[in-house]
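Notes follow the structure.
We just call them A, B, C and D in the order they show up, numbering each chain from 1.
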Amino acid sequence: MASVFGERLRVSVFGESHGPGIGTVIEGLPAGEQVDSDTLQRFMERRQGGRNALSTARKEPDIPKVISGMFDGKTTGFPVCLMIENTNTRSGDYSNLLDKPRPSHADYTAFAKWHGHADMRGGGHFSGRLTAPLCAAGGIAKQILERRGIFVGAHLSSIGSVQDEPFPMLPDAVLFDTIAAKPLPVISDARGAEMQQEAAAAREALDSVGGSIECMIVGLPAGLGDPMFDGIESRLAKVLFGIPAVKGVEFGDGFALSQMRGSAANDPFCYDENGNVRTETNRNGGILGGITTGMPVRFRVGIKPTPSIAQKQKTVSFRTHDNTEIEIAGRHDPCIAQRAVPVIEAAAALVALDVLLCDAEVR
Amino acid sequence: MASVFGERLRVSVFGESHGPGIGTVIEGLPAGEQVDSDTLQRFMERRQGGRNALSTARKEPDIPKVISGMFDGKTTGFPVCLMIENTNTRSGDYSNLLDKPRPSHADYTAFAKWHGHADMRGGGHFSGRLTAPLCAAGGIAKQILERRGIFVGAHLSSIGSVQDEPFPMLPDAVLFDTIAAKPLPVISDARGAEMQQEAAAAREALDSVGGSIECMIVGLPAGLGDPMFDGIESRLAKVLFGIPAVKGVEFGDGFALSQMRGSAANDPFCYDENGNVRTETNRNGGILGGITTGMPVRFRVGIKPTPSIAQKQKTVSFRTHDNTEIEIAGRHDPCIAQRAVPVIEAAAALVALDVLLCDAEVR
Amino acid sequence: MASVFGERLRVSVFGESHGPGIGTVIEGLPAGEQVDSDTLQRFMERRQGGRNALSTARKEPDIPKVISGMFDGKTTGFPVCLMIENTNTRSGDYSNLLDKPRPSHADYTAFAKWHGHADMRGGGHFSGRLTAPLCAAGGIAKQILERRGIFVGAHLSSIGSVQDEPFPMLPDAVLFDTIAAKPLPVISDARGAEMQQEAAAAREALDSVGGSIECMIVGLPAGLGDPMFDGIESRLAKVLFGIPAVKGVEFGDGFALSQMRGSAANDPFCYDENGNVRTETNRNGGILGGITTGMPVRFRVGIKPTPSIAQKQKTVSFRTHDNTEIEIAGRHDPCIAQRAVPVIEAAAALVALDVLLCDAEVR
Amino acid sequence: MASVFGERLRVSVFGESHGPGIGTVIEGLPAGEQVDSDTLQRFMERRQGGRNALSTARKEPDIPKVISGMFDGKTTGFPVCLMIENTNTRSGDYSNLLDKPRPSHADYTAFAKWHGHADMRGGGHFSGRLTAPLCAAGGIAKQILERRGIFVGAHLSSIGSVQDEPFPMLPDAVLFDTIAAKPLPVISDARGAEMQQEAAAAREALDSVGGSIECMIVGLPAGLGDPMFDGIESRLAKVLFGIPAVKGVEFGDGFALSQMRGSAANDPFCYDENGNVRTETNRNGGILGGITTGMPVRFRVGIKPTPSIAQKQKTVSFRTHDNTEIEIAGRHDPCIAQRAVPVIEAAAALVALDVLLCDAEVR
């Protein structure tokens, strides 16, 4: 029905781009968990613009205000509500768009669904801004997971045709932190420089460009997740496809597996030096039958180009009922994939914490 | 938690490969809908082996028995339970596998999750057999949708490196029926022949090979689906990743969009000859912001190679706690993707009917 | 939407009175739990007729057949499906009722909801028969709870104006077993004899009579349940009102509390001999703020008289569109409350196990 | 799991008594519905104190601020978030209570559940204050229902042993409005005066007293609700028992039915002057088999006495681990039942709108 997901950790997101505020209600967080607000703030800043040549100028930081569910820096067990105020809600940049749906945006589909009642200024509830409360929720989940030795990291794996190096099979928290600290979250800085050129070239051409993100979760024990429609893949994909502009999700080697033979695609089991079962390779991305193998969970998402481009585009006018053109005003990021990196991490952390909570055993 | 999905149309799947039977409970079907059992049976036969060189010899047909929720060939409004008896439940083919987890199967993860209590003979609840009740449920949904002018079709878009032609932008029910009637569900029979060679070559090499499936839903009105985590993409992906061996899902041009520029990826809006809004292209796969545009919904899934291969494979022995090898007995399809084609259609039909039911308006 | 409840233990019930069978799918049972089928069978027999003067003649026993989720007498972790075959499904007793809705039955409301498509022979999906699969599910839950020192018991607390003695404040499993073994599940056999007279008098008058049931759950630790709408009371009431003929539910002293003063209604806290917190009285029924106090959970349900009576009753004819009369053929229990006793226990056990599973803590 | 309910209309409540604010997120409201803020404000004022001799002095009004989901006074289709600021959050009145659990409050059970992490100042998330956002949500639902000819009304049916007159079988909106406008929401003002005396007597005795509320929903069509566990009774009871101090819920004649004979309890069907099916009596409270009959839905809730009383009470000290006494400071209403009247209406309106939305039919 709505902007909510999760089984034992239920995350609900509300708000619109140009309303008074946006926020999240998180139910099911374990009680007594310390949340460091500086760490949370730093995580949230990673999704904001202005950190590199790919984004528009730096905006005011999004500061989540705790409304409920926390006391003295710790979770209480009650629903946690976090609110982020919207500051520039009076922008007139989009005033002419009510008539002409912007291609590749949700303007038209929202119009069709709610018969014109949706407040689509700035994208309304579909705006990329709504990923801010998701990051706030995910940032809390990350802190709870890290205390249990579970780490989530991601990098920009491509912009246009330029690809970053892939993650190693067994990354660690240090690598994740190193990437997160960079202005552009990549493994290879040389590739990162090329990506920035790719984005700059798109901007010069009054255009935008897509990208992809690789994400890993390390430290999850074997046996998490459920069969069939509540497997890790199903749970993650449900949330990932809820992030604006995500159009593809694959686990392990994903679509490449569909071109392989079984002898190459199967991950042989073996005992490691500590007598634990692991796999020699991890082409299945740490998941078999929807359930974790104990190897890192690995997935990749494909993100379409920023829909808003400076070029004229063909569209319709609801007012004149004619085919017409639209020119979208305002400054827009030529690529949004790099800003989505922490959002993907947030989604992964929330799902990981949810399945961990689902795994809890009865006394 | 479990083997269930859907909001207004809730589908639950139960059973194991070697237990007395498998089945489904479907809640929320509209009342008074005629279900033609012959049509349903023919649909279910499409997922059974023996129709072409890629599958093992023909098995007994799976016949779903109506336990509840239907009367005189029509839905009553009560929960529909369908049961399929398991006939060859005493197979000894898998007896030696309890000790040694088969690579790329769920043997080990199920063992880790349920501490060895799961009945994994033949794959247990993870068996491909569980897609039979899913097809039964989906076959009913297809009939209900068709009565409303909504059609679901799919074809095998690749085996290994051999690719079928893609669907046209606006396919119709005739094309879907034509494909469904073929022994191998492809658009180009020439490519189909090559695919069969690819699979035969894998079998000769005691190996298997992966594939991919393209699926479309035509006739859905604009405005179906919900924002964020209950968009069409999220709903479909949740179910699709619940189908064994699916490792990637993409909508529209999917991952290819991540390599495009916005000017190429955006679908321009226009009025068609009837004054309805449509898009000139459909790179977004009929979905914007998670909501249908009125253009056909289009997606592709990547399917890994059959995990069971005749070659020796490395694995561990739980009994001896040593690294060892396994040889999987029995005959196995060198490729399972072609049998998954109706399963993907079933999943698509169930999600399509669910969002259609969710769209129903209050008086 | 439908015939399902539970958060971590999800119970779905399907089937109709005159269809091929009825059953339940239970998801979320812990794996490796032994289920004794004789104990289960004996529990199920308690809801069948013929045990005393209040019921119609003894019927064939309902024997639940395990379709999935159990192996070698133990739960596997997979969804458990239990089926009960319907034997006398060709009864013509109700043939004339399709036209004339029986007062106090669901005939008319089902007709209004599903526009006449529901198969209401014998009450359809609303039949008291559907409590058999609920008992099967609850009987399994009881065995799992008992292994953890948690016991559920109930007695017939009234028929008409005749009341049984109430449960003591701290009952034990022996008392529960003693009551369960009686032909009429009461504490005071003298009162039980009066109840039978009350029922017999109603039958002689071609009438029926209502009753009430008191139920307790002992052994639940303090701290189970959730605030607001997922408290123990909310969870129990949702299931209890799903049982046919239940029209009232109260916890602790219930409605009597509404006539008391606070000084009399409040339960003082104290430490018991083992240093554990308890309350001196238990007027709140072991629940405060929706959460268990560690004292026994206690509630009472009010059950309306059997709607089917031998007297002529006023109703309408859909066919003639006239006011008319109906005479319901067949033999009917003059009181159904005593058969509902194990059903109430089953519901209580399922909810108790669900909240216990919800309480499980993350590693 | 948490503070949420509803199927197609999902209502989530967050906040604590002494935190920055409390609020609600409502998902699934139809788009384009006008909400009059003055009407909403007047409805919310009915639950505030100071309107009669039974409550403490008048407090600042609770004003819900729209954060999202509304534009220009209308719903947009997006999640509606309403926030109410907490003003007097620094009260020291409860400082000594952290050590000694107040009898009949959730202090101890919350302590047991969350191991002392819950912020229970002023009752925390269990505080009666949390019924304010529920009223805000319910007040919106009422406006949407009234536009469709569906009205919800309630009155204080008893305080202690003093009972108001019951609702007539077929009340109308005028009666509901008349009652709502009174300082004490009763039908008989003479009985209301006696009730006030009953409460005043309790206060003089440093005590409190319980009460009960009768509520009706008129205008619902026949055929709403679902069989078994999602019937109207199950849905309403789940929400009603989530309201603090509610300990009993009965539908129609409720527990009184359990003492009746079937011939007296059954409601005969007949055609009314417009040719519609109705029942001559309404002892089943407008619900059969969980589904509406088209007659008014009628139920009663029993509310325990205000737990906070000025008398010394026995309790334990967590600090000294001794049995001890507690004296609760601050001024408390001698009876809270009258303030719960609009809360019960709010719950009823939300459930009524939910089942109405569930009833919407597919095109």
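To be clear about the criterion, a contact is a pair of C-beta atoms (placed from the backbone, for glycine too) under 8 Å apart; a residue touches a chain by one contact, two chains touch by 3 or more.
Keep in mind that this is a model prediction, so the values were computed, not measured.
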| item | value |
| --- | --- |
| Set of chains adjacent to chain A and to chain B | C, D |
| Higher-contact pair (C-beta pairs counted), C-D versus B-D | C-D |
| Intercentroid distance (Cα basis), chain D paired with chain B, Å | 46 |
| Separation of mean Cα positions, chain D and chain A [Å, integer] | 39 |
| Whole-Å gap separating chain C and chain D, where each centre is the average of the chain's CA atoms | 26 |
| Contacts with two or more other chains, residues of chain B listed in rising order | 1-4, 8, 13, 78, 110, 113-114, 125, 221, 227 |
| Complex contacts: residues of chain A adjacent to chain C | 8, 30, 78, 148, 227, 356-357, 359-363 |
| Interface residues, chain C side, partner chain B - complex | 1-4, 8, 10, 12-16, 19-23, 25, 27-28, 31-32, 65-69, 71, 74-81, 83, 110, 113-115, 117-119, 124-125 |
| For the chain D and chain C complex, residues of the former touching the latter | 1-5, 7, 13, 101, 103-106, 108-110, 112-114, 125-126, 130, 158, 160-161, 202, 205, 207-212, 221-231, 233-235, 237-242, 244, 246-263, 265-271, 275, 277, 279-280, 284-285, 287-294, 302-309, 311, 313-316, 321-323, 337, 358 |
